[in-house]
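Structures given as structure tokens follow.
In the two complexes below, chain A is the common chain; its partner is chain B in one and chain C in the other.
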Partner chain A sequence: MKCRKCGAVAVINMRQHKLALCDEHFLEWIPQQTQRAIRKYRMFGPRDRILVAVSGGKDSLSLWDVLLRLGYQAEGLYIHLGIDSGGYSDSSLEYVERFAAAREGARFRVVDVKAEYGQSVPELARRTHRGRKPCALCGLVKRYIMNRVAYEGGYDAIATGHNLDDEVAVLMQNTLRWQTGYLARQAPVLPSTHPKLARKVKPFVRLYERETAAYAIVRGIEYIYDECPYAVGSTTNFYKELLNQLEGRSPGAKLGFYLSFLEAKRQGAFSQTKEALELNECEKCGQPTTAPGLCAFCRLWER
Partner chain B sequence: MKCRKCGAVAVINMRQHKLALCDEHFLEWIPQQTQRAIRKYRMFGPRDRILVAVSGGKDSLSLWDVLLRLGYQAEGLYIHLGIDSGGYSDSSLEYVERFAAAREGARFRVVDVKAEYGQSVPELARRTHRGRKPCALCGLVKRYIMNRVAYEGGYDAIATGHNLDDEVAVLMQNTLRWQTGYLARQAPVLPSTHPKLARKVKPFVRLYERETAAYAIVRGIEYIYDECPYAVGSTTNFYKELLNQLEGRSPGAKLGFYLSFLEAKRQGAFSQTKEALELNECEKCGQPTTAPGLCAFCRLWER
Partner chain C sequence: MVKILFRDKEWELQAGMTVRDAILKVGLDPQAVLAVRDGKLINEATILKNGDTIRLIAVISGG
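So, the complex of A and B:
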């Protein structure tokens, strides 16, 4: 397989684009594609300050790298969740530190959940969600902290490393139950609905997982290979596997699923779904919340 | 496993309903469920004359059996497609004949495509669709003949044996490309949109394929086990396999996918999809057609 641009040996063949590229042109292509997505979905401009949620994995570190290469003001946020199993959180943080140390101007901050609030996410889950997996809770905690840091630091947008495989797995899950409210909200950009809630953007939303992984490897970014121990056997991974079977049979199926979904929404599917987004401010922390009184995050620590 | 109703040995366990039944109660349960679907989706009443499209397979023969047991005026229509491979069409017809011969009042008619129009479906496909599978063409031919026979015979509705697995495979296919026009039209009942087009109904739409198969077996209905030779390896079968993986992981997933889809439509999803259904009558045969001039069926034979 040869690079379509220069004829050198290709490092990757992207069947959905009928495009094979060598290392050099692939390392150019990823930022180009990212820039296109940023413009197409109006994610942010060169003057915006971007908070990149970094986990130490291939997606978020590649995203941070690409945003810096594109000249954006992108700072990192690492949320230390206190996942001990296999030293997961500590190792992840080391990858983030190593990444930032190797790049001038790559600044990041760490929020340590246990140090800040008294319990790690697994501990919190054991106390409040006895026996259940901490994943839903972890999502809540991360969203809260991202929003709070973005607000307090005056960032214009929160960027996450979600790739197309992540998005179509969620899309599949929402579609299999026709959760029209969730479907109406699933998008490459979630606009800010309150002055204390920053816009959320996913610049890698059209890149396949194998492409973000390949980018990290070719670019020499070291990242944590293990996935979160709680994600093993998850429904999301099950859907990813199903969708890969589909992709194997029809290259481009995943991308087509997502893009045609966005197009159907643009044409008004699910537009009848009204959201009454009357937001209150939490009595304790002041962050926006749907119900009056304490927000869901503060309620966790009150119990 | 014991029958929930009488404690006898169960012949089937339907995990999505948490319901195991013995042969006797299962043979009661299927017509009850069918009757419920007929009422819920307002398919037809006891005075309506129903044309059942019978292929000789488990679904359509079970459907015909159930409709007769429920006291409906259900007559069969067998369309002889002229599929020679393994004597498929001839064998299928024999199963239909045997079924009808064993039941008083089970009348049916045969339309032989080659005898009536000069070429079998595979021959027609070879002439007009060189090399491609005849499946799309076959669908067109069957729809045309069903409509025509229903109109000429004065039937109120055309009933087909589509089961839930058939429906969710199509739903998956339409959803993966977000074909909102098709999604808007996919339903247990297709109302008549023209005096010459009968209502189309699918009374088995909430039954899993394994249930219609079990019904045929327990009821002693002999049916053709082989599927159409052209269906082997089809996209539909591939989706059925994916959906069965899903069902294996979450019993009820297939049913939930379909019912929540209907509910989302009821709440207005895809309602923005306007269909300009201005129908003309074909210059040659008089059947309704979207374009002026000849209908798609008559055009096939003109080439």
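So, the complex of A and C:
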């Protein structure tokens, strides 16, 4: 199989685009596609300061690499969750440190949940009786810290490594349950709806997970292969497997599902369910919250 | 023979088949893994030769 651009041996074939590329042209194609998504969805501009949420995995490290290559002011944020199983959090941090050490100008900060707030995420989950699957709580902690760091550091947007497979798996779950509220909010850009709430963007939203992994391999980015021990066997991964079966039979099915969802939304689907939530400021930390009094994050530590 | 490695599993297959066929043969989904030979990514149509060692890398991650 040959590269469509130069005829050299292809390293990847993207059946949904009918496009096979060699390593050199694949390494050009990924930043081009990312830049296209950044412009198309008006994620941010060349002067904006971007906080990239990095986990040590293929998506976030590849995203950080691509944003730096594109010349954006992209700084990393690693949230140490204190997941001990197999030294997962420590090991993930090492990948982030190695990545940054190999790149001039790749600055990042670490927020250690236990050091800063007194308990790791698994400890917090056990104390609040969410020990078996702390994923929802983990999401809450990460969103809170990302937003706080972005606000305090004056960043214009938070970029996450969500890829098309992540988005389509969530879309499928929400569609099967007709969660219209969630469907109304799912988008490549979550705008800021409060002065203390940072914009969230997903520049890899049109790239398949296979492509972000391939980019990391071809680019020589070392990342943590193991997924979070709590994510093993998750519903999201089950939906990803189902969607990959569909993609195998019908190349482009995942991309088509997502793009037609965005087009339906553009034409007004779910617009009635999109309610403007009134945001208050948490009495303790000052971060935006829908509930009056304490925000959900501060309530966790009050129990 | 061709050696196929995936996580802690290992298989030996006949040479002459494509990467895609090898992935299917060991019961994995070609959408969900990438193949690496000598540290380099190889495409799904690559014909496997005697003595090749292919490492398969899962692309699905969560968390």
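To be clear about the criterion, the second predicted complex is superposed on the first by the 298 of 303 C-alpha atoms of A that agree within 3 Å, B and C clash if a C-alpha of one lies under 4 Å from a C-alpha of the other, contacts with A are read in each partner's own complex, and residues count from 1 in each chain.
In the analysis below, a contact is a pair of C-beta atoms (placed from the backbone, for glycine too) under 8 Å apart; a residue touches a chain by one contact, two chains touch by 3 or more.
This is a predicted model, so every value here is computed, not measured.
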Chain A: partner with more touched residues, chain B or chain C: C
Chain B versus chain C as contact partner of A:L176, first or second or both or neither: first
Partner chain(s) touched by A:G268 [first = chain B, second = chain C, both, neither]: first
Which superposed partner A:Q245 touches (first chain B, second chain C, both, neither): both
Touched partner set for A:I12, first chain B, second chain C, both or neither: second
Shared contact residues on chain A - chain B and chain C: 245
Residue ranges of chain A touching chain C (in the complex, touch as defined): 1, 9-13, 20, 23, 55, 57-59, 135, 165, 209-210, 212-214, 217-218, 225, 227-228, 230-231, 234, 236-237, 240-241, 244-245, 247-248
Contact footprint of chain A on chain B as seen in their complex: 175-180, 238, 242, 245-246, 249, 253, 256-257, 260-261, 263-264, 267-273
Touching residues on chain C, where the partner in the complex is chain A: 29-32, 34, 36, 40-46, 57-63
